[in-house]
Amino acid sequence: MSQYQELKQACYEANMQLPALGLVLFTFGNASVVDRERRVFAIKPSGVPYATLKAEDIVVLDFANNVVEGSKRPSSDTKTHAVLYSHWEHIGGIVHTHSTYATAWAQAQRDIPILGTTHADHLTVDIPCAPPMDDQMIAGDYEHQTGWQIINEFQRRSLSPEEVEMVLLSNHAPFTWGKTVEKAVYHSAVLEEVARMAYLSCTLRPDVPRLKEALIQKHYERKHGVHSYYGQS
Amino acid sequence: MSQYQELKQACYEANMQLPALGLVLFTFGNASVVDRERRVFAIKPSGVPYATLKAEDIVVLDFANNVVEGSKRPSSDTKTHAVLYSHWEHIGGIVHTHSTYATAWAQAQRDIPILGTTHADHLTVDIPCAPPMDDQMIAGDYEHQTGWQIINEFQRRSLSPEEVEMVLLSNHAPFTWGKTVEKAVYHSAVLEEVARMAYLSCTLRPDVPRLKEALIQKHYERKHGVHSYYGQS
Amino acid sequence: MSQYQELKQACYEANMQLPALGLVLFTFGNASVVDRERRVFAIKPSGVPYATLKAEDIVVLDFANNVVEGSKRPSSDTKTHAVLYSHWEHIGGIVHTHSTYATAWAQAQRDIPILGTTHADHLTVDIPCAPPMDDQMIAGDYEHQTGWQIINEFQRRSLSPEEVEMVLLSNHAPFTWGKTVEKAVYHSAVLEEVARMAYLSCTLRPDVPRLKEALIQKHYERKHGVHSYYGQS
Amino acid sequence: MSQYQELKQACYEANMQLPALGLVLFTFGNASVVDRERRVFAIKPSGVPYATLKAEDIVVLDFANNVVEGSKRPSSDTKTHAVLYSHWEHIGGIVHTHSTYATAWAQAQRDIPILGTTHADHLTVDIPCAPPMDDQMIAGDYEHQTGWQIINEFQRRSLSPEEVEMVLLSNHAPFTWGKTVEKAVYHSAVLEEVARMAYLSCTLRPDVPRLKEALIQKHYERKHGVHSYYGQS
C-alpha cells in the first residue's frame, strides 16, 4: 500500500468537489495538496475526466516536478503549483479552475473591485488580476513562469498570500489556495460567486463605488480579528 | 425535552429552505423565528454548514441577545434580528441571505424600481436600499446598528414593515421578514426573482419607466385589499 | 365520477409541466384547457402550490366565468382566459407564466425582435408587446380587460392568433396559446428561450439587425408551408 | 439485424449527450456520424423528442441524401451535414445545436473574439461567424446551401476544418465537428462555454483586447504541437 494513500485520497476528494460545485467543465481544473514534511504534493492527472477519476490516478511529485508516485502524466499546470508551494510556505492546497465569471474578469484583465461584504468577509482588497506575461516568459517555461507571475504580482502589490488567497491571471483564469485544500476549494467557489455579483453590479451601474474603508475593516475583523465572532470556536 | 422544541424545529426547517431555493452558498444566510409570548427567538448557529445542521443546533436568545438555550454560538447577524423583533411587533420571522441578484443591487446601492406586476403583487413601492452606515455606526456595535439602519430608513421613508417586507442594505445584502418565518423565506425568494427581472429590464432598457400608478394600486388591492380575490380563502 | 375528468387531468398535467420546465416560481403561472363542444374550460385554482396540486383541484368554468365544477376559487387570471377562448375560436389551451426573460422584455415594454431562426421557426414577426392598459381599463374589470388588451393589439397589428401564438403584456408577463394545451406549454418554453437569446444579442450588440426577409419566409415555410419538411408526417 | 447497428448506436448516444449537456431545448439540435468506407452517415430523425428517441429511429443516408435505412424522415438539417461530409474528408461527426450563448453571438452576427486560454486551448483564431446567405441561396436548396456557406467562409478565411472545428451561422446557430462524433459533441459544449465567457467579458469591458499572439501560440502548441504535453499519451 502506498505511503501517499492519505494524501492522494485528500487530493482526489478535493478534485471531485470542483464539478460538484459547478466550477469546472470537462477537465478544465485541478486541485493539489501538499505534504510539507515530505516536501511532495499530489495533483490530478492531465486530461482525465472527473467521471472516471480514481484516487489511485493521482500523481505525487516533489517541488522540482519529479514524479515520486503515479503512472499517469500530471496536470499540465503542475509547475505552477510547484512554484507556489516552494515559495509560499504556509499554503496547504491549491485549486485552479476556469470557472465562468472569474474567467470572464480575467479575460477582461480587470481586478474584481471590492463592492460588498460577501467580498469583505474573505479579503479586504480588490481581487488582484495579474497582467499578461511578457513574451519571453510565455516562450520559456510557461507554466513555471505562471507561478512566478503570481508571486511577482503579490510582491509588487505588497499582498500576503495568507490574507489574499485568490488571484486572476489575465487572459487565463483563477488560482486559489488556503491552509488546507478544503479551504482552497472553498475559496474557488467564493471567488466565482463574488465575481458573479461584481459583474452584475458593474453592468447595472458602471460607476459603482468601492466599499467604504470602515466597512472593509469591520467585516475583516469580524471574521479574522482578535475578537472574531464568526463561526464556532 | 426542550420547551423550545417546536420553535427550534420551525427555525431549522426555514433555514433548510434557503439552500433548497438556491438562495445561499455555503453558510451565507440565516433564518430566525420569534416566540412573542416568551419574548425569545430561535436562530441558526454561526458558520455551521447546512448539510450538517440539525434542529438541536438552533440557538434560542432573548431580545437582549442573551442565549436562553443552545451550546453553539448564534449567527453573527443575531443582533440585527433582535433589534427588528424588538421594534417591529408584528413580524414573526426574519431571513437574511446574500442571494445573487438582490446582493448585486445592494452593492450598486440602488432601490429596485417597481417595473411589473410580479413586484406589484407583493409591494407597491420600490424595494428600498438603505444607504451605507456612517463610520461611527460601523465602528460601534455593528450588527445592532444594522438593525437600526433598517428601522431608521423605514421611518425616513414612512414605510410600514407590514406592507414592505424586504429591504436591501447598501454594500451588504437583503433582509426579509413576514408574519411567519415561512412568509419571510417566501419573500426572500420573491425578492431574488424580482431583483433578477429588474436587472434584465434595466440592462436591456436603461430608461425603463416605473409601473403606472393605476396598475400598482390594482395589483395591490387584488392581493391585499378588502375585495381580495387571490388565493383560497 | 366527474364528466370533466379527462379535461381536468389534461389541465393538471399541463400545469405540472410549468415548474418542470423552469417557467414558474411558486404559484406564478397557470394553464387552462378548453372543451369547445361543451363550451367550458378547466383552469388551475388560485394560489395552490404545484407541489400539492391534484387533478381534482382543477376548476371548470363556462365562458361567462361561472364555476361549473370545483370547490376551489379559480386562478385570478381566469377572466383573461375566458375572453381569449370566447373570441378566438381555434385555440385549445392557454398558458400564463411570469418566466424570467419574457417578463423582463414585458417590463421593458419592448417587442422581442426577430433575430434568428430559433424565433423564425415559430413565428415570422416580432413577438408583440401590448402597451400598458389605460387607467379606465385597469380600474374596471381588470382581468377581463387584459384579455381585450391582447385581442385589440392583435387586431391593431393585423396579427392572426393561429400564426402568432404568444404575446407580452407591458409591465406584466407573457400569455401563450395553441391548438392544444401541450402546444401552449411548448410555446411558453420557446418564448422564454427566444427572449433569453434576444436579450443576450441585444446587450452584446444594441444595433443588432432584424432577420432578413428571405430567411424569415424560408424558415416559416419549412415548418408550416405546404411543402413542410420538418418533423414526422 | 441491421448492418448499420453500430453506426446508429453511436449516433443515438451522441444525440442523447446534447440534452444531458444542456445544449438543446426540445428538438433544437442533431448529431450525425459518418462511415467513410461505406460512404453513409447516420443522423437523428426530424422532430422526435429526446425523451422518446431510440437507436432504431436513427436514419442512415448516403451523401446524396438518399435514405439507406430507416423509416423516419431525417433531420431537416440533413443536407447541411451531407455537404460537409462530402467536402471535408477528415471529419467523423457533426453536431448542430441552438445552444443559448453561441446562438446569441450568431444572431449578433459577430465572430467570437479569442480572449483567453479556454478558447486558445481549442483553436487559435476567433470563432468564425459566416455572414447571412444571399437571397438566392436561401430561396434555393436552403440546407444544402447552408453547408456551402460554411465551406465558402472557411475558404475565404483560409481556415482548415481540422484546426477550426466550429462555426457560427449568422442569424442561425452553431455547427461543430471533429474526428469522431464524441469530439463534435465536446466541441459544442466548449463553444457554448467560450461563447458565454466572451459575452461576459465583452459586456463588462466593451474594448476588451484580444489574446496576445505569444499566448495563443503557446496554448495551441501545448495541446496540439509536436511537443504536446496535455492529457495522457
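The first chain written gets the first letter, and so on, giving A, B, C and D; residue counts start at 1 in each chain.
To be clear about the criterion, contacts are C-beta pairs under 8 Å (C-beta built on N, C-alpha and C of every residue); 3 or more make two chains touch, one makes a residue touch a chain.
Here the structure is a predicted model, which is why all the values come from computation and not from measurement.
Common neighbours of chain A and chain B (chains touching each): not present. Computed from the mean C-alpha positions, the centre of chain A lies at a distance of 33 Å from the centre of chain D.
Centre-to-centre separation between chain A and chain C, using Cα means, comes to 46 Å. Of all residues in chain A, those that touch two or more other chains are 203. If the chains shown are joined wherever they touch, the resulting network closes on itself as one ring, and no chain has more or fewer than two partners. Only residues 115-118, 186, 189-190, 193, 196-198, 200-201, 203-205, 208-209, 211-212, 214-215, 218, 222, 229-233 of chain B touch chain C when the two sit together in their complex.
Residues of chain A touching chain D in their complex: 25-26, 28, 45-48, 72-73, 76, 98, 100-101, 103-110, 132-133, 135, 138-139, 142, 171-173, 199, 202-203.
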